[in-house]
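Both complexes shown next keep chain A, but they swap its partner, so chain B is in the first and chain C is in the second.
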Partner chain A sequence: MIANTAFGILVLAELALVFASAVIVFGSRQDRRWLDSSRRAVQAAWFLVTLALGIFLYLLLENRVEFAAVYRVTRATLPFTAKLSALWGGQTGSLLFWTWLLGGAACVSATVGWKDLPQHKPWIVLFSAVPFAGFLFLVLFLENPFARWWLLPNGASTAQFLPPPGSSIILWPPDGVGLNPLLRHPAMVIHPPMLYLGFVIFVLPYALAMAALITGDWPRSLFEAIRISSLIAWFFLTLGLLLGSRWAYDVLGWGGYWGWDPVEIAGLLPWLSGSAALHLLIPRRRSASRQTWILAVILLTFSLVLLGSLLTRSGIVVSVHAFSESTLGTALMIIFLSISLASLALWGLRGRFPLDEPPDSESRLWTTLLHSSAVLFIFLVCVCLVGLFVPIVGEWFGGKPMMVGEAYYRQATGPLWIALLILTAIAPLWPMRLSTWQQMFRKMIPAVLGGGIAAGLSAWFFSLRLPEAALPFLAGFYLVLTLQVGVGAVGTGLGRGAGIRQCVDFLLSRRAAAAILHAGVFIFAFGVLGIEQYQHTTQGLLAPGGRMAAGEYSVRLNEIVQQPTSDERIVTVASLSLFSENPAGTTLLDEVFPRMDHDLTYQQTTAIPGVYSRLSGDLYILLTGVNLGETPSASIRVILNPLADFLWIGGLIMAAGALLLLTPHVFLSSSSSMSAPVSKVNTWAANGAGPTGGPPG
Partner chain B sequence: MAIFSRFPWKFVAGTLIILAALILLVVPALQMGTQYYLTVDEVLAEPDRYQEEVVRISGAVIGGSILWDGNTGVLVFSIANVPAALDQIEADGGFQASLHAAVNDPNRTRLNVRYEGAPPDLLQDEVQAILTGRLNASGIFMADEILLKCPSRYQDESP
Partner chain C sequence: MIVTAGMLLILLLLVALYVFQPFYWEKGDGGRHHIDTGPQLTGVDRESELEEAIARKRDELAGRED
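The block that comes next holds the complex of A and B.
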């Protein structure tokens, strides 16, 4: 009964979406009533999918294992949070969840007024409803969450929604399989929703771009809507990727945060091209050819989102994160190809490339730098796509199975990341309204000094090797330049009798928000440098009471305890004391408890590290094996990850910067009518950092 | 000559430079970072060559052979040959069945693997292992890296 109801609800939702799309394609787009009925149908569809998702969640929590999708991911003994993560722990549930989120984005686009865009409105609704309908189709016909186990006459069983011929007996297994133990981590409760939110929100800029191309009307407010929706998507995607890294760091037990795995790359691709789009969207005056390129990058971003779901859900790529092989491959391929090829064709037909465009009134220098950063992001996309597709295409043409490893990505992306960091370092020059390279170089003198001091200090105190000292140089350079501009602007403002309120306005402006975001990029880069270049591993076997040195630290094994838990795991915990070894003596820092969890249902052991975290670096301690015989011992691996926390802090600052860019205040300042105080502070910024108002270096 | 003045020379030159830069970036990296997966049979056919050259090898883990010595930190296990050709895998009845057949067929070629380090979380019977390393003089594969493909059998398993 419940299965039929839930499935019926999903069918109704799909019909509502077909209706919504048909009304826009065939109905009168001038008549408000047609559009309103279409919008209501999209809203109704999302409400219905929400209901179906609620039913599925109820089945999961109630452990209704006669449903195959529930059986595969849960078990009666699982704790509540793990049951919640089980919603996206398997192919079927996560596809339903993904469709629901995509529907949420479509519902937002159907609900928002789009007041400045009356002509675009029907198309925005249509192009956000179509991907929703496509994924709902997959849920209905290929990964039905409400399929049950049926007993076949020959004694075997099969998972189907409709009873197979000759069978009418539903099989109710004693219990489910349980959730993959690797997914039982707090980050897994929020990482997939954040990541998925980031992905699906890119449907909004995509629909706006398609509406622009179809109507041929490209007003400024449309590009503002693209910018804001892309920034929201970018914010969630950044958080999602960061949480995923944190999960890998905590659970996969290799002391790393990023492995250039195909699925990780699939998540990174929309982030990269979304970043490219956001940089192209910065200049307020947008020439027709720049607008055309912005639309191209937006369409590319959503295509990459679809490509990501194709790669991870079809079993095409070998990865630890991918779902197993499934029937979805062909259908996802059709969705990906039809949406991306249709976008490409429309863009080719309706894009504008005026050859005799009047020169830009924005600073040439500044737009050149912004375009370069966008090109670098797109280069990164290309490099990653080559890495993903070389093995796949090679096998299509009958080549031997091959794999493109980390070495490729490190070598090919390294120069691009460095070039991006250099551009980031000179980004604060933006408000200075410089028009020539000479002016720019003159402005950089204090920053070069600042960078030199930072590089010198870090080389002296932390014995940083030479190529790596470039990072503190760039960071110091960036910091001095940012302060030069910020202090200069506020100083000039106060000098001209501005109030505190206006100074706060300046600090909340787009520029200041971008400055914070990019400071996060540098902090993040320090984390990467620390782990990639200065990681140090020590391995040893310890008996209780035994001690082992690891760099300037040492660890002592206190005891090993093994015990079963109520949710069918055997947990082995080592208790270790951490000491810092100074010439002055030994001091106790902390106790850590690395574990090995052996999951009895999955017959799988997960090593969960004990991490002692300080700003200067993490001590990442793994229990890699135990012997509990007469002379107990434990093998312990100690990984020193210098500056690891910078990674998480930098990432959070990047996300916070994006959030600040989205605050209502910034919304106002970026709307077409620039408010007076903001244009005033921009003038301060230009003057404060101008040739006469030289701030302290 | 109007046609020449209207031709977007700058655009074409820019595109060419960008393409050249991409190729310069990607091709050397690909030459360094691409490795073929070999089967156990292919490696054992040319043992001399693979003592010199680092390879990636794919095979099915034989669960009963896994031995981990906590004192020395050395892990040893065996893998069985899994065919690389798709039609052969299909003849075995799919990839999981192919792994199952490889492990349970005593006539398949087997290779002993030695790895210095702890057993990875997913190392278990009938899992596809992808190993990077080289052969030693006595025909044991000295692995530097072990990558295990998550078993998908739970997805397929009926109650």
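The block that comes next holds the complex of A and C.
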């Protein structure tokens, strides 16, 4: 009964979405009652999918393994958190969860008033409801979460929703398969929801962009709505990617955080194009070409979200993150192609912003730098797309399977990342009204000195080689320039009678939020530099009591213990003491316990590292093999990851910067109705700090 | 089977009531989406009453301006 009810609920939801879409397309858009009715239908559809998701979650927690989707991902002995992760641990549950989140975004678009965009409102609702309806269709007809196991007359079994002909016996297996051991990490409870949220929220800027193209009306408030919704999506996507990296670092046991895996790249693509869009959205003045390209990049971003879904769920690519078995390939391809091609066609036909607004106080130099950042992000998208599609297309045309490895991505993306870091370093020049390159270079002199000192110190103390010393140079440059602009503006304000409140307002402005976000980028870059360029690996075979050196450290194997667990794993743990070796002597730092988990159901062994973490770097210790015979021994790999924590700290600071950009205070300071105090102090930043500025009014 | 069908019918009814609310209860959402068609003159069936009502409304509006 519960399966039929839940399926019926999903059918009702799909009908509600079809009704909502039909009313907007064919109904009277002038009659607000019809529009209200369609909005309510989208809200009702999301409520119904929420009910169905709740029922599926109940089935998972109750271990109702007669349902195929439950059977494949859960097991009676799994702890609660793992059962929760099982919701998105399999293709079916994950698709239902994804659809629910997408429906949530559509529901938001149907609920928000869009007071400034009355003409656009029906189209915003429509273009957020259509992808929701498309994915719900897949849930209903291709990956039904409520399909059960049936016994066929010939003794075989099949999983489907309706009883197969000649059969009415439901199979009830004794227990489920259980969750893939790789997915039992705490980060998996939060990483997929964050990542999915980031992806699905991009449906809002997409719907806004489509509404602009259809109505031909491109008001300022529409671009502000696109900026805010893109920033929210970017925030969640950043957190999702960061948590995914942390999961890979903790679970996959290769000492890295990013493997340029096809699915990782598919997740990165919308982040890159979203970053490009956010940079294009910064200038306040609307120009014909920029507004046109903003819409193009927004449409591209949502197409990349759909492409990511296609690559992950169709089985086209082989990855540790992908769902290998799938019936969704063709349907997802149809959704991806129809939405992408329709967007492209509409943009090609109607993507012309009618006029350039008159120039304002923003310098042309500044907008050029922003455009350059956006172009670099789009180049990165292109490089990643080439890397993704060359093997797929090569195989389609009958060639041998091709591999595009990390070396390609490092070499192709490296110069682009460096160029982006250079642009990030000069970003604090934003408030200064610099109109010529000469003015800009003159203003940079203290920052160049600061960067030089930072590079020199890092070369002296940490023996940083020349190409890598560019990073501390850029970071020092950025820090000095930020302080020069920020402190200079506040100092000028205080000197001219500003109150503390006004200065605090300035420090909490959009500019300060962007400065924090970009500081996070540099901190993150230090983490990347440490792991990519200075990682050091030592491997050795140790008997209990044996010791081996690893750089300035050494490890001693104390004992090896192997025992079965209640959730059907055999866990082998090595107890290791970790010492610091320095001229003054040997110091015991800590004990670490790397282990190998062998899952009996999956017949899969996972190496979980023991990590000794400090700000200067991680000692990442893996148990890679074990011999428990008469003379026991363990194969130990010690990986030194300098500055690894900078990755997580930098990523969190980037997300915090994005969150700060979303605070109401920052909205206020960036909107057309800028509050007087903030506006005044911003003028100081422009006038007081800039060489062309006159006395503040 | 009957119970399932019954539950789904009730759900369908509730959804339909919610979706079509703007058609049977104009201020159903707290008046946020009420269509403002300007000053209303209701219950008027004679010409003189209509003129009186218009005059009243005019005075009222003039008073508001003051």
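Simple rule for what comes next: the second predicted complex is superposed on the first by the 679 of 697 C-alpha atoms of A that agree within 3 Å, B and C clash if a C-alpha of one lies under 4 Å from a C-alpha of the other, contacts with A are read in each partner's own complex, and residues count from 1 in each chain.
One rule holds in what follows: contacts are C-beta pairs under 8 Å (C-beta built on N, C-alpha and C of every residue); 3 or more make two chains touch, one makes a residue touch a chain.
Note that the structure is a prediction, hence the values are computed from the model and not measured.
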Combined model on chain A: chain C and chain B, fit or clash: fit
Which of chain B and chain C A:633 touches, first, second, both or neither: first
Which superposed partner A:483 touches (first chain B, second chain C, both, neither): neither
Chain B versus chain C as contact partner of A:87, first or second or both or neither: neither
Which of chain B and chain C A:624 touches, first, second, both or neither: first
Residues of chain A touched, compared between chain B and chain C (which is higher): B
Chain C versus chain B - closest C-alpha approach in the superposed model, Å: 27
Complex interface listing, chain B residues touching chain A: 6, 8, 18, 21-22, 25-26, 28-30, 32-38, 56, 58, 68, 70-71, 73, 84, 95, 117-119, 121-122, 124, 130, 147-150, 152, 154-159
Complex contacts: residues of chain A adjacent to chain B: 65, 71-72, 90-91, 149, 156-159, 171, 173-174, 177, 180, 182, 252-253, 318, 320, 322-326, 355, 375, 379, 382-383, 386-387, 390-391, 400-412, 415-416, 539, 541, 602-607, 622, 624-627, 633-635, 637
Residue ranges of chain C touching chain A (in the complex, touch as defined): 1, 3-4, 7-8, 11-12, 15, 18-23, 26, 29, 32-33, 35
Interfacial residue positions of chain A with respect to chain C in the complex: 1, 4-5, 8-9, 12, 16, 19, 32-34, 36-37, 40-41, 43-44, 48, 113
